[in-house]
Amino acid sequence: MIEASTDALLPSPGSRVRPVRDPFHGDLLEVSMGPHHPSTHGVFRMVATLDGETIVRLKPVFGYLHRNHEKLGESTTYLASMPYTDRLDYLCSMTNNWAYALAVERLIGQPVPERAEYVRVILAELTRLLNHTCLAGFLLQDCGASGTPLMYAFREREKILDLFESLSGSRMMCNYQRFGGCRVDPGAHWLAAASRVTEGYGRFLDEFEALLTGNEIMMARTQGVGPLSAKLAVAAGVTGPMLRAAGVAYDIRKVDGYGIYPRFNFRVPLGEHGDTYDRYMLRILEMRESIPILRQALAEIPAGPIMDPKARLRGLRPKAGESYGRIEGPKGEIGFYLVSDGTPNPYRYRVRPPSLINLTILEDLCLGRTIADAVIILGSVDIVLGEVDR
Amino acid sequence: MEITPEQKDELRRHGILLTSLEELYNWGRSHSVWPLQFGLACCAIEMIATSMARFDIARFGSEVFRPSPRQADLLIVSGTVTKKMAPQVVRLWNQMPEPKYCIAMGACAISGGPFKQGYNVLKGIDRYIPVDVYIPGCPPRPEALLNGLITLQAKISGQSISGPDAPRHLGSADSCEYPVPEFGGHDLEPPKNPDLWQPPAPARAPKP
Amino acid sequence: MLGTGLIKGLMVTAKNLAGSFHDPERLVTTEYPEQRTVLPQNYRNFPFLVTENAEDPMGTLRCVACQICEKECPPQCIYIEKSKDKKADAAGKMQIYPAVFDIDISVCMSCQICVEVCPFDAIKMDQVFEIATADRFTGLLLDRGQLSKPNSYFHQIHPTDAAEVDGRLAAERKAAAEKAKAAAAAAAAKAAASTASAPSPVKAPPPVSAPPPATAVPAIPPPVSPPPPPSPPPQP
Amino acid sequence: MPHAEPWLERAPLLLRDAVNALLPAPARWWVDSFLDIAVLLGVFGLLFAFLTLAERKVLGRIQNRPGPNRAGWGGVLQPFADGIKMLTKEDIVPRLADPILHFAAPVALVAFSLMSFAVIPYGRHLLALDMDSGVLYFFAAGASSELAVFMAGWSGRNKYSLLAAMRALAQLISYELPLLLSFVPVVMISGSLSPSAIVTAQGGWHLGFIPRWNVLTPWGFAGFAIFMVASLAESNRSPFDLPEAESELIAGHLTEYSGFKYALFFMAEYFGMCALGGMAVTLFLGGWQAPCAFLGFIPSYAWFGAKLLALLLGFIWIRATLPRLRIDQLTRFAWKFLVPLALVNLVTVGFWHLSASWSRGFDPLRWAIAIALVVIPFVAMGRRLSAGLGPRTYRFAAQ
Amino acid sequence: MNPAMETPEQIRDRLLARFPGAEISLVPNPAPGAQPSLCVGAAHLREAAVFLRDDDALRLDYCSNVTGIDWPKPGHLEVVYHLYSMALRHGPLVLRARTGNRADLVSLPSLTPVWRSCEFQEREVFDLYGVVFEGHPDLRRLLMWDEFKDFPMRKDYVEPPDYEWEPTAHDAVAAKAALQHPAAAAPSPAPSPEKT
């Protein structure tokens, strides 16, 4: 364990940092959780200062998975960055693909055929199911359930992964979307398989909720733990289910209406307390809302080309300019900001990482709580280190 | 009297189990490889998937993912090791008790993989710690990890506990502590462990 | 409340415990080394080079060393050196061929971009994933010999793709042959001796039906790619 | 039993007599004791080995997978592979650790949990040590394990271990009280602290077919439930596995233990589980008594074993399902819920004892009052404990 | 869908009216989206940001994205903020700020006091580009370790020499390796490989 670095630790504006006691007083214990810790979801590190088991200061430390995504994006072509986006948030490669494709399409003014838009919606919603399922499993694992919810979650995840694999060729690193459409056409066979998975998902959610949602221990652990106020959430740029759990109705699918989302009829669930339980339940509810979207998309998907015939695969040289494409990823707003200088490589390739920005308020949520709470609060933020550190 | 493997097979066929201490030792080790619960990046998700119901690494007795390195036998380096993370990985390796094994899972752990040109990415964990099995793939399928585990089990079973081929931990001179790199102003110091990492000379000069 | 939630949860697990003995939905394990999941056709792991003929893999590589894949490969794990000479390909047309074609699978990210950008259908994705090895340096650098696999293998792992590719190639070759024939006829009609048909574009090799001119063409002995010989390290 | 005991029932006695016959009288006491110890160690050692396997298998089945099945036939040899590996692992003692305590903690823990095995009556004739106050001895031995856990957590010089040690102390002391209170009713009813007497008192059948086990009375059921919850906590099992909370404290007090010392902790945990399960069987489930008269031909130790295994399976089942509590909730649960319930249960059992002389016709009334005495405090205190918690309804954004 | 927001031109004019003398210019964007951005001088950046956040017609309460860009050509570092409004559900407005140069005049006022979401992102820009944000509550390196001296996302950053084993080296890698191993990249490496 490395000691925390220097103490330039003034409270952030708006945070409820309690004044830290004199460090020479000697009654505080500093625990470095991570980068190798079972429930930091990767190589995240929190330096927690404890008074007993109560957290009086908690500083996240990043960068243990900083693999220079943005630098690499500047040194490769636009197309070559696509497979790298898979590895950002490695649970949701399809939505990352989409956000990146959207940014590039805006940069070069590339239309997308109707069928591809539908396929993108289907894949994005499947990704949402997958991500939220995994999150629920991991969160309950952090609560101390010994593997069972996670196992059930991964059992269902495998079904979606099978879909992804048979469509794109890879379980996790799909690299499926292209500027102006998608790579291969999902046949009728695949769409039928997707329908089967969609129809079976409600049953799984029922079972999963029966397992632990009504569980008294689970409620005691999560209700009232780490409440996030709407005001702080907006100021801190929190997005995604975390923001909506705090009661702010802001879903980019509704606000931006990117792709063909305005055609879909779905509701946006909102939390009231903004606590860990709300964050967990919001994900469950969003999954339940994703099912009708999937159903509608699978029923309405038109025939037609999957790629814009004029779209170019190689040799993309956008004119100098910039664009920002963002979508509602499962974790929040995933955005790509591209600056082109007319060369085949982006001049600046920036990823707006929802997980990193959602972590801004981690300390605020954890102060005054115990280590056990910090673990589940972190779990409910839903981070993936590939995206936090990039 | 020396017994050849053929004779032993013959005896086994007749129902006579002939087990040496060595075999028993290797059998025990190879069927009880407990991995460290240690995920780095994308491959970690596939590692988790391997321990889940569909693939079930438990069948090989390896589902006991221990969170503390003190109780683990196997370090699965599952993902990109950044330079910021490398000292911790080496430290974890040093904290594990012998006999211990290391699997480099996925391209990043082997060589830095797709991210090897990054400034903060270690170009292969074998620069600092000895790796027993390399599993290429990005990420390797869970089956590929199982295959790597089987390869490792075969490797353990093939070890002799004496003689020049004895595994590292049975040689007395070795301290089994690997130097932990330190953060420097521009890179890790040292950037590699020269005792471990001896790449063959480059096959060719870079293209002009 | 009052423990009903706990009991509900216990019932779920009990159902799964009982179900694991009779319901395949509740015992989903594929016992890997003995049983295998059927890999979908689209599954990709590492690239391989398609050869037309299993008998003579080095002589019938589809690859013409155009180096597009090398340029487009995101992690830059392909290394190609063009041959200095030309050699007849499977269709008998003289082509440049890759004197060296290495893929470092310790770097490859299985993204399939090389396959997408290849105009010759020469590189495709393999499905072999059981390649765990203890050999760091030579075991993970695949050379031309290890990479080349016959078209029949491609048919075996990606039947739909392979049929499509074969159809396309056959059509192209046929078109090229007709074009060549027409050109030849025109040329003959003109009887202008000096204008031989220019080298046709790479996309249009001669018809596949043409007999492999293995004897007619002064074939260079198929260069068996040697393992990269060591040379003194240039770096400190 | 009116008829002669079956051969199997007497088998242990016969074995002992056979051994004794070979020995001179002065050596008999020593040999008998050694025999007891050896059998206990052997049986529970094997039970420990196969319990780990069973846990992994059952957990696997609950999680839709088969669990270990490669080592040996269908995985039976898995524990032995683990054992061989554990025995041959390097034993690391951190440089800053207290080496003596670091060594003593696992040894003491196993020793304490083994001591508790002495007083449990495993069968009609199977009891290592027949003490008049065996139950007290049992809980005294069990309580000592707190010391060992604290030793383990403190000696490793690891922050996580230290936190775990603190948690362990808080947890184990909190749950000693409900554990002890929950068996007082049994003592009140059977009038003895001797385990064998308690088992004997549970012999026979109501109405000819309902066994007179303590668990089949209102107070007995409540006591049994409290006892089981408290023993889950005492043996650090999920949902009370806070000291080694994996997702929070790495491995808690075991963080710095490797090799066989770690295996000893593991062993102690399972021994503790077996001992507490065995005591629960003794106190509430009629010990070695058969549930029906006509099943009396099955030897008593088999009944004991079956009941013990059922309880252990329950432990595993619970572990597979429930998440973990937080330390403050854990202690609150003990002090504000279990202890008051256990105290109320004393009232219930007092009433039960006093009303024993009521005539047959009042039996339904007697049961109703006793059940009310159990259920009403349970509901009242449960509501208070879970005040503010509950399922929620969610609203949806208009746009 | 986004309700209409004032155009950047209108916003610039209102800002100029509110802060006379402030350096505020419109940066055109030739891409098809063609949304120009506002470049605000460091002196008035904080006030302009507060105005944008609190103005009733704008209410840009959500700073989504903070990007650093290195421009060695004109010779400055640039920080780009993408602003949205959660209250009025419109956006984005792209706000830019530029440092004086890339060597010593690299400080800009921090916008973390205005939008808390800038906290980590500004730290990241500081870490990777070396822009010093004045008034940031906790300006430390975010991703790299504290002892690190370089700013790796700048265009002129040179990576440390660790390209010992590059079996497929070419192009960019080769260029990097050549920088680090001049001997290997010399026109005629003495022991040339077997290439014919």
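By letter and in written order, the chains are A, B, C, D and E; residue numbering begins at 1 in each of them.
The rule is short, and it goes like this: a residue touches a chain if its C-beta (ideal position, glycine included) is under 8 Å from a C-beta of that chain, and two chains touch if they have at least 3 such contacts.
All values reported here derive from a predicted model rather than from experimental measurement.
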item: Shared interface partners, meaning chains that touch chain D and chain E; value: A, B, C
item: Set of chains adjacent to chain B and to chain C; value: A, D, E
item: Greatest separation from chain A - chain, by CA centre; value: D
item: Remotest chain, chain C as reference, centres from CA atoms; value: D
item: Chain whose averaged C-alpha position falls nearest the assembly-wide average; value: A
item: Selected interface, A-C versus A-D, where C-beta contact pairs are more numerous; value: A-D
item: Rounded Å distance between chain C and chain D, as computed from the means of their C-alpha atoms; value: 62
item: Length of the line joining the C-alpha centres of chain B and chain E, rounded to whole Å; value: 41
item: Mean-CA-position distance for chain E and chain A (Å); value: 23
item: Per-residue multi-chain contacts in chain E, two or more chains; value: 143-146, 152, 161, 163-165, 167, 169-173, 184, 189, 192-195
item: Residues of chain B touching at least two other chains; value: 37, 52-54, 56, 59, 67, 84, 111, 114-115, 117, 119-120, 138, 141, 199-200, 202-205
item: Where chain D touches two or more other chains at once, by residue number; value: 62-66, 246, 250, 320-322, 386, 389-390
item: Touch relationships between chains, expressed as pairs; value: A-B, A-C, A-D, A-E, B-C, B-D, B-E, C-D, C-E
item: List of chain B residues in touch with chain C within their complex; value: 53-56, 59, 107, 110-117, 124, 126, 131-138, 140-141, 143-144, 146-148, 150-151, 155, 199-205
item: Residues on chain D engaged by chain A in the complex (per definition of touch); value: 59, 62-65, 159-160, 162-163, 166-167, 238-239, 241-242, 245-250, 319-329, 386, 388-392, 394-399
item: Chain C-facing residues of chain A, complex; value: 76-77, 79-84, 86-87, 148, 152, 155, 158, 162, 165-170, 173, 175, 183-184, 207, 210-219, 313-314
item: Chain D residues within the chain B interface of the complex; value: 56, 60, 63-71, 75, 77-78, 80-86, 88-92, 246, 250-251, 254-259, 262
item: Sites on chain E touched by chain B in the complex; value: 143-150, 152, 157, 159-167, 169-174, 176-178, 184-185, 187, 189, 192-195
